[in-house]
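What follows is a structure written as structure tokens; I'll ask about it next.
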């Protein structure tokens, strides 16, 4: 994505972990999928880890932009991994193994928000059972708006992802006009970089905007770029 | 609804789940009922699942716009299902069975907010009894403003609805000027699309507005459309 | 009230439940009392259920506007019922019986906010005693600002009121500039209609304003009406 | 106070309970003390109930405006009662007895906020001891910002005060620009009237403002009056 | 401080308790230290009670403005007391004793916020041990932002300070643009006076501002004064 | 940093503790690293304590600005200490020992926010185990947004850091437009100075801004300075 490389002064630093934050409908998943597809087209393998959308739906969405995901999968240039386990240890292990097997240089977690919740609520199979009993009997539940994630959980996940060696995009949900750049309010401090996607509804026609909020080891251009959805995917204008 | 199809670039993608969010009095139920009626008039069957308003009241409201709901029901083109059970498993099963029996291509849940609360608070008949005893004796209650819904609950319901195969409109309550697009703050990330209904009270005459906030697999026109209540139902102007 | 009928396109639909929301001092009780008095003058019986103000004070307030409440009571055209029980079942039963006995076509609950709190906190005589012990010993109390009312409580009360058959005005407390239209944030979604009373303090002379926020089955005029207190009660200008 | 009578259309209705709300430093205590002094000068006895300031300090403050409180006390036209008990029952009883003995027509509670906290936290001598043990050992305390007062507590106190028969001013603390008119968010709905004291700091010289927010049984003038501190007490300009 | 005396109409009333509130960096400690030094220079003894900064640091800071604190200490005109106990009873006793021994007419508590936390969390040596065990094992802690201070704690401390007889300045932390004048939201109602220090960052050069928010028994000038740090301490311009 | 010395009226007072606060991406780590490097270049040893970023990543980032961190480390002018223990006592001891061994005059804690969480949650090895069991079984977790840090914890850490004798920069996370200058809302009151880093996005090109909010013992220039990232590190313009 030419525009993004310009803002970043030459692309994501290799091996860095980058939060892709935005409210609902800002294009986070599309941006990340395109990152993998363009990598694959350039011969760089990528892994898309999905906790929410099925592989079938992703393939379907890709078609719209002329991306033949199954063909890239056959060439081992792309892989979609739909996570079905609840256990954080298993998730980390499963993602790490696929990164190694594929020799993935690019990794997308869709989304970090959902992934964290898995590992946090059902930390191990034993406590999961205990928690279930308690929440069912006493009605004590955790609200999604105030996810009871500890700093340590966030740093643990980011560290494990960094160890996998790929350049990683971590999708992160955030409310409109939030004071922080992630729902857990900690992720943005743990990662190497943060990209924020927004929709500006003031004035005439609403515009999709992208800004780089942070990128360790790279002089960042703080200006807003305009993001457009075209028939071939996202185009950035700065 | 001509105007909506234009914003969406050709209607809802078949089989998608779409949140219809809005504050009180924005026309959510009417929009959804009209979606089913116009489908039925075009020969496409639809199921209206109501947790709040009785079938009689809905029929009454339809008359006002010249919609003969009982006639459509007789032709198996429309069905109103008023849910009277508390058990989430029973709700999902009951809705799924009616979708299959009717061959429904369109489905409305009025509302997802209420449906979730049923399944979440009284998850099973056993824990319901336990919870009842605890809440009655200790006075520990859950406040509606901070519904203790987990992310997993939201994703579970959306997944089950998606499996039913129909294009689904999920009505969702939201406060005016909310930072999120649903009261639980998670639904909008789980569904395929989000439509927001608002009332703009600034300036002269208050206007009803509709905007598409998200639609996976469709290039979305972000502009606001003006929604009008007429004798024949809702009309959209873009 | 001529102005209100105009906004509503012809008065409240018979048998509907309407929330009358507003901050302190906006005239909710007066509007509702006038609704009953004007009904009584037209030969339509009405019941005023008060949880807060005594019958004596209401009679006194009525005099100010030339309303002879005791005379209307004698003709069975009006009845003031001051609730003195804590038990929700008893309240519902007591109100229902009076509606039937009087043949009331109009019903006012002053206020729904207070009524709900009765039924919710002291749900039954047994749990009341238990709750008392717990709250006194452990100091665990419920704050009025975050009333621990469940959605089910709200829907239960509205359903029971609807069953009584009268057109019902439910008085509801709300903070100035609230994001919701009731303190419990759920009532407005459960009822058929919502009327909001406000005071506009910006600019020159403060004005009392009334707006219809929602009315199922009636095309609503969203404009603000100016409400004036006169020697004969409230007058609305649109 | 000529200006206030004008706003109220002729003074406080006899026997009414009026909340005097305002942030710190807005003149609540002075307004109320002046209400009693001017009553006493007109031959109407008044009782000042203080939970915070000692009788000595009040007498001292009165001097500044030329009010000889001890002289009025001797003539049984004024009495300052400093409450030293924690027990709500004792407080109500003690105030009631003094109102009767003095034949007080005017009553000031300085403040309702403090009075409520006494009765609520230490409801009875037995539970007080229990609560003390729990709070000391477990560190579970109630924060002053979210006073755990129930609606019933508020209504109970207001009802008891009303029964005493005097016209009562109830001082109430409130934050600047609060959405409610009392810290407990309920008092303003329970009383007959509300007066709000504010300081307007926008523009040039800060001004002290008074407005009547509510007065049951009296047509209220909603305009702001300017309140001035003079050598003879408060003067209101409308 | 000439400017302050002007705003106050002649200095602090003798024996009054005054809250000095402000955000971080507004000059609260310096203002209070200067109050004691100027008193000492006029022959009036003062006690500075510090819970945070050591005597050495205070002496160092004083030098910058040409104040020789050790010399004033030798003449018994000033004393710095660094509190090292956790027990509220011991703190009150220790401060009271020093006020009496020194014959202090002026007293500074730096800060009331910190002092309250000592007395509140570790009310007695016994409960301190109990609380420690509980908080360590269960991880239940009290957050500094919502200090669980009761109204009674605040009034108790202010009353004890008043009994000591000196004119007291109580330093109080408060957030920028807070709705209340103290972090505990109660102190400002308990004391005789409140002074607020702010920094106005709007427009050109940021300005330090001082305003008197409340002063019982003194006609207050509500205007803002500009506060300047000079080589000789604070200068106020009105 | 010439510009900063100007704002501070001559650099940080020796031995002071200074909070460096800012949202994500404002340059806190870079500013602090540069502070140590420029000290080292002037012959003053410095210790960088990292709880988040590895030594390797820091060395990498330094290269970008032409800083040869390993060379400075060899000359004992700089040391990067990556903390791997959870125990607060061990952390304090480990940092103190390295400060002494290195004869460090400058100290950076990256970050105080993370450091506090370590010491607070896992205060000792015993309670850590207990807390683990409780949080796993009961699902009671502490949210990062409301870190349950006590005032005493904050003051304890700052006091221990002050005892080490070096001039210390304590990195502190804070939300954009926060009312306080640290996430725990207490740190800014405990330290000697506070520097705030912000990004001003209003108007044309976003600007990085630095302001000194507080500096005990130094007359502070309250104006904003513009901070620029250059090939040689940060440059400040006032």
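Which chain is which? They are A, B, C, D, E and F, in the order written, and residues in each are numbered from 1.
By definition in this document, a residue touches a chain if its C-beta (ideal position, glycine included) is under 8 Å from a C-beta of that chain, and two chains touch if they have at least 3 such contacts.
Keep in mind the model is a prediction, meaning the values are calculated, not measured.
Student: Can you give me the shortest step count from subunit B to subunit F, moving only between touching chains?
Tutor: Graph distance in the chain contact network comes out at 2.
Student: For subunit C versus subunit D, which are copies of one sequence, does the interface use mostly the same residue numbers on each side, meaning over half shared, or is it different?
Tutor: Since fewer than half of the residue numbers are used by both chains, the interface counts as different.
Student: By CA centroid distance, what chain is farthest from subunit C?
Tutor: Relative to subunit C, the chain whose C-alpha centre sits farthest away is F.
Student: Rounded to the nearest 5 degrees, what is the angle of the rotation that puts subunit A onto subunit F, matching CA atoms?
Tutor: 60
Student: Roughly how many whole angstrom separate the Cα centroids of subunit C and subunit F?
Tutor: Here the centre of subunit F sits 57 Å away from the centre of subunit C.
Student: Based only on mean CA positions, could you tell me how far subunit C sits from subunit E in angstrom?
Tutor: Centre separation, subunit C to subunit E: 49 Å.
Student: Find every residue in subunit E that makes contact with two or more other chains and list them.
Tutor: 121, 140, 142, 147
Student: Connecting every touching chain pair, does the picture come out as line, ring, star, complete or other?
Tutor: ring
Student: What sequence of chains forms the ring when you start at subunit B and head for subunit C?
Tutor: Ring order, starting at subunit B and heading to subunit C first: B, C, D, E, F, A.
Student: For subunit E, which residues count as touching subunit F in their complex?
Tutor: 24-25, 29, 52-53, 57, 60-61, 64, 111, 113-114, 117, 121, 136-145, 147, 173, 175-178, 199, 201, 205-206, 208, 229
Student: Inside the complex, what are the residues of subunit C that reach subunit B?
Tutor: For this pair, the touching residues of subunit C are 120-121, 123-124, 126-127, 130-131, 134-135, 140, 142, 146-152, 154-155, 179-181, 184-186, 188-190, 192, 194, 213-220, 222-223.
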